[in-house]
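Consider the two complexes below, in which chain A is the common component and chain B and chain C are the respective partners.
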Partner chain A sequence: MFDFKVLLESIIEIATVVPKTLVLAIFILLLSLLMGAIIALIQQYKVPVFSQIIKVLQSFLRGTPNVVLLYLMYYALPGILTFFAGILRIEFDANSLNPIVTVILTFSISYSVFQSEIIRGSILSIEKGQIEAAQSLGFSFWQTFRRVIIPQALVAAFPDILNSLLVIIKALSLAYLISVVDILGQAKMVGALSYRYLEAFVGAALIYWLIGVILTFISNRFELKLRHGFH
Partner chain B sequence: MDIGYMIEIFPKLISTLPISLLIILTSSILGLMLSIVITALRIKRIKFLSPILEAYISFMRSIPILLLLFLVYYGLPVFFSLLNLNMNDLSAIVSAMITLIIFNGAYLSEILRPAYLAVEKGQHEAADSLGYTSFTKIRKFIIPQMAPVALPGLGNAVIYLIHDTSLVFTIGIVDIMGKANLIMANSYGENKVEVFLTIAIIYWMVCLLSDRFIKLCENHTYLRKIENKRAFNSQSLKLHQKFTKRNIKSNLD
Partner chain C sequence: MLAIRDLHLSFNGNEILKGIDLTVNKGDVVTLIGPSGTGKTTLLRCINCLENPSKGEITLSDLQLNYETISKKDILKLRRKTAMVFQQFNLFKNKTVLENVMEAQIIVQGKKKEEAYKKSIEELEKVGLLDKLESYPSELSGGQQQRVSIARALALEPELILFDEPTSSLDPELVGEVLRVIENVARSGVTIVLVTHEMSFAQSISTKIVFMDKGVIVEEGSPQFIFEDSNNERTKAFLNHFKSNQTVGV
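Let's turn to the complex of A and B:
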């Protein structure tokens, strides 16, 4: 019933897409961090109109599953892009849109809201005394930001950021629905070729587990170091 | 954008909501029960069991729910046939429920354990010294103190459970997404954007409702009750002062 040789073969075959999945996930993570930072800034300074839009967006993204969002973007994005291209008078062929672009955009938008919470929390966790000390030493705003706030906020946010990398890797498993091949998509293809779905899925699960264990290990080590201080 | 079409398909889509709600309710209740058992076992720190439980939780944390769904759907019949049980006609709904139960058992225990550990040791000792049995202790001391810590996390878990339920169409259950595929097949792939926009709105509404429900529960925890009482007392104090001042004034007049 369950063939370990097939399992080993499918693990090797599935492992070939792991780098692609990781690169895609890290790219989405960076993009969503960037968008999250912008959202956090807008919320911090309460920019009129934008902050209201973001509030509605937050509620919408919290309430809508990623699958629905992915399909919605998959079918709506060509139309939206054609509309904007029409305004800017750029030649654009909606049918040539790569589904990877849809995946990256959807998940970046969907996770940017969560990243903004992480960023806000990490910046708020810095004591006021640190900023006051920097000001008393005559640091400019930009210097304070770069030399005092960013290093501490990054250290505080690092475990959460690693955790959201894991969440994004897991969420990418939906990408096979719109024909982007990640770990789960590859497992489905391997299973379809050999009619041995179960072995392929177990192999994929083992790979996901390995990634999860490594990420948890790194973040635990980092937290320990954080508690002892970087001296 | 065809809003008329959206209104037209809305009742068709919402007619499949009961099946999603059935899966959500069953797996949230049974998942919560499983997670309570797992949390209790993890807190007790039984020698050979706790590494297994840790492995189970790290496994559930790192694999996507979609993969778990496939694993259960394709794997359970094989597993049962090893035990010489014939379970080939295991229905898709049951496998979806099993998936969500074992997933939530791990996920909720990650919420319940910190909440339990947040209760101070002195509380246990005080209850013990007053001679409460362990069941009464948990009912009267531990759970009321765990609730305000755990409820926000549990609320998030409910939202994620609703999100995860949207994936069950991949193993052939006709829930909202499955119905949407049928509708799109009937309309030759027209109006796809409208269909998914309607689904998004339905899910948004369901999640807003469950958020409200969790807020209601949070209002019943003891911390919130104390806050409300304080707010009420200070308000009534102000009212009292206002009235007495007026009385004094009217007396003076």
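Let's turn to the complex of A and C:
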């Protein structure tokens, strides 16, 4: 029988890792946005060598599941870091590498490619006419970028960025595979302790859902507010 | 005050401007007329370096530049002496009317906020939009948007204002309000280069008319000369075509 009391207890238990999961997701979001912006710039200006590398990386990241990437990084990263530490003559113990670092790096890299598309699309959505107007008024390249392009691109990209935060939160459910405990990881542990897996997973599902609902609500509210007066 | 010498420009191997020479004196209102696709707008955009001419020289008051060797810094200097009013208005959509007019004064000219505000109010009053200060461009009619963009240009006190078909994308009933504003600008003594298809307007406000066809200047002269006394076949054919199609007056 499904036990609602157990469900409630499970939810309370699972909820304790929600802040950690959110912080992790926001950190990954910001890092992937930063990398995405760099990728978008490299592609926009067709920087030789780098833009080719990014093309291959893009195709690779599109074609491989997150789980595979996570395992790949988990087993390869210590070796890679040890190698670079060796070159720089820094003391580095590969076993001391926190798996959270692996999770952050893996997801930041794999989502940066998608973020670059969001960033590119939002910048391209700004009419050329406004940019020309700024130029004709004597704005420099950076002034045009900062005062005209960025404020409008941010608004255009806002719903997509919040959506990708949700995608990252859900993708973090893979993190327990390399022993980082997020919402799903916590649910598994709660289930294992109480032998009530169904209640634990229903609890996890409800928590994910609630986060999704809240993010969608924020997205809609802010989009309207940010767009006030223009579209 | 403005002199262009031997200006050439090509797009993908097509020569659009084939050696333009143009002189504009201080206080002049020079109107470029001619068939569509003749390069009038392109010529105007060259003055503001929104296009990259392949050859030619431009002199604007104390600035003397060659398009082949022009630097980013020179382009900025040139643009800061001029202002442009576009066919599609091109207002900043995320800013209010007041912010649109203040923005470049603060960012480009480094004015203080209060100073820019004062100047903006002054210019917006001239174009009759004091009741729309807090409106966004999307809340305005085309004619109102174009008047804001004229105020935005005037607020910078440029030595030269370029008007690129300022009424061509307006509904017919909104053309008059914008033409009246341009007329006031012209009367105030600001130097203007204008591209328009409003022939009777061009005739009444211009000090000089330049007739262009197929990338060259065919002839230029006073409105009286071009509209009444010209013996050039191409000029006459173009103007006759217009006389029979004239729909909007001033």
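For this structure, a couple of remarks:
Note that in this section the second predicted complex is superposed on the first by the 222 of 231 C-alpha atoms of A that agree within 3 Å, B and C clash if a C-alpha of one lies under 4 Å from a C-alpha of the other, contacts with A are read in each partner's own complex, and residues count from 1 in each chain.
By definition in this document, contacts are C-beta pairs under 8 Å (C-beta built on N, C-alpha and C of every residue); 3 or more make two chains touch, one makes a residue touch a chain.
Fair warning: this is a prediction, and the values are worked out from it, not measured in the lab.
When the two structures are aligned on the shared chain, A:129 is found in touch with chain C, with no touch to chain B. In the superposition on chain A, contact of A:168 is made with neither chain B nor chain C. When the two structures are aligned on the shared chain, A:113 is found in touch with neither chain B nor chain C. Touched residues of chain A, counted separately for chain B and chain C, are more numerous for B. Judged by the touch definition given at the top, the superposed model places A:54 against neither chain B nor chain C.
Once the two complexes are laid over each other on the shared chain, residue contacts for A:151 go to chain C alone; chain B is not touched.
In the superposed pair of complexes, A:212 makes contact with chain B only, with no contact to chain C. Of the two partner chains, chain B is the only one that A:2 touches; chain C does not reach it.
Applying the stated contact rule after C-alpha superposition, one finds that A:137 touches chain C and leaves chain B untouched. No residue of chain A lies in contact with both chain B in one complex and chain C in the other. Residues 127, 129-130, 132-141, 143, 147-148, 151-152, 155, 228-231 of chain A are the ones that touch chain C when the two sit in their complex.
Note for the complex: chain A touches chain B at residues 1-2, 59-60, 62-69, 71-72, 75-76, 79, 166, 170-171, 173-174, 177, 184, 187, 197-198, 201-202, 204-205, 208-209, 211-213, 215-216.
On chain B, the positions that touch chain A within their shared complex are 58-59, 61-68, 70-71, 74-75, 78, 81-82, 159, 162-164, 166-167, 170, 177, 192-193, 196-197, 199-200, 203-208.
Contact residues on chain C toward chain A in their complex (touch as defined above): 48, 50, 72, 76, 79-80, 82-84, 86, 88-94, 96, 103-104, 107-108, 135-139, 149, 152-153, 156, 162.
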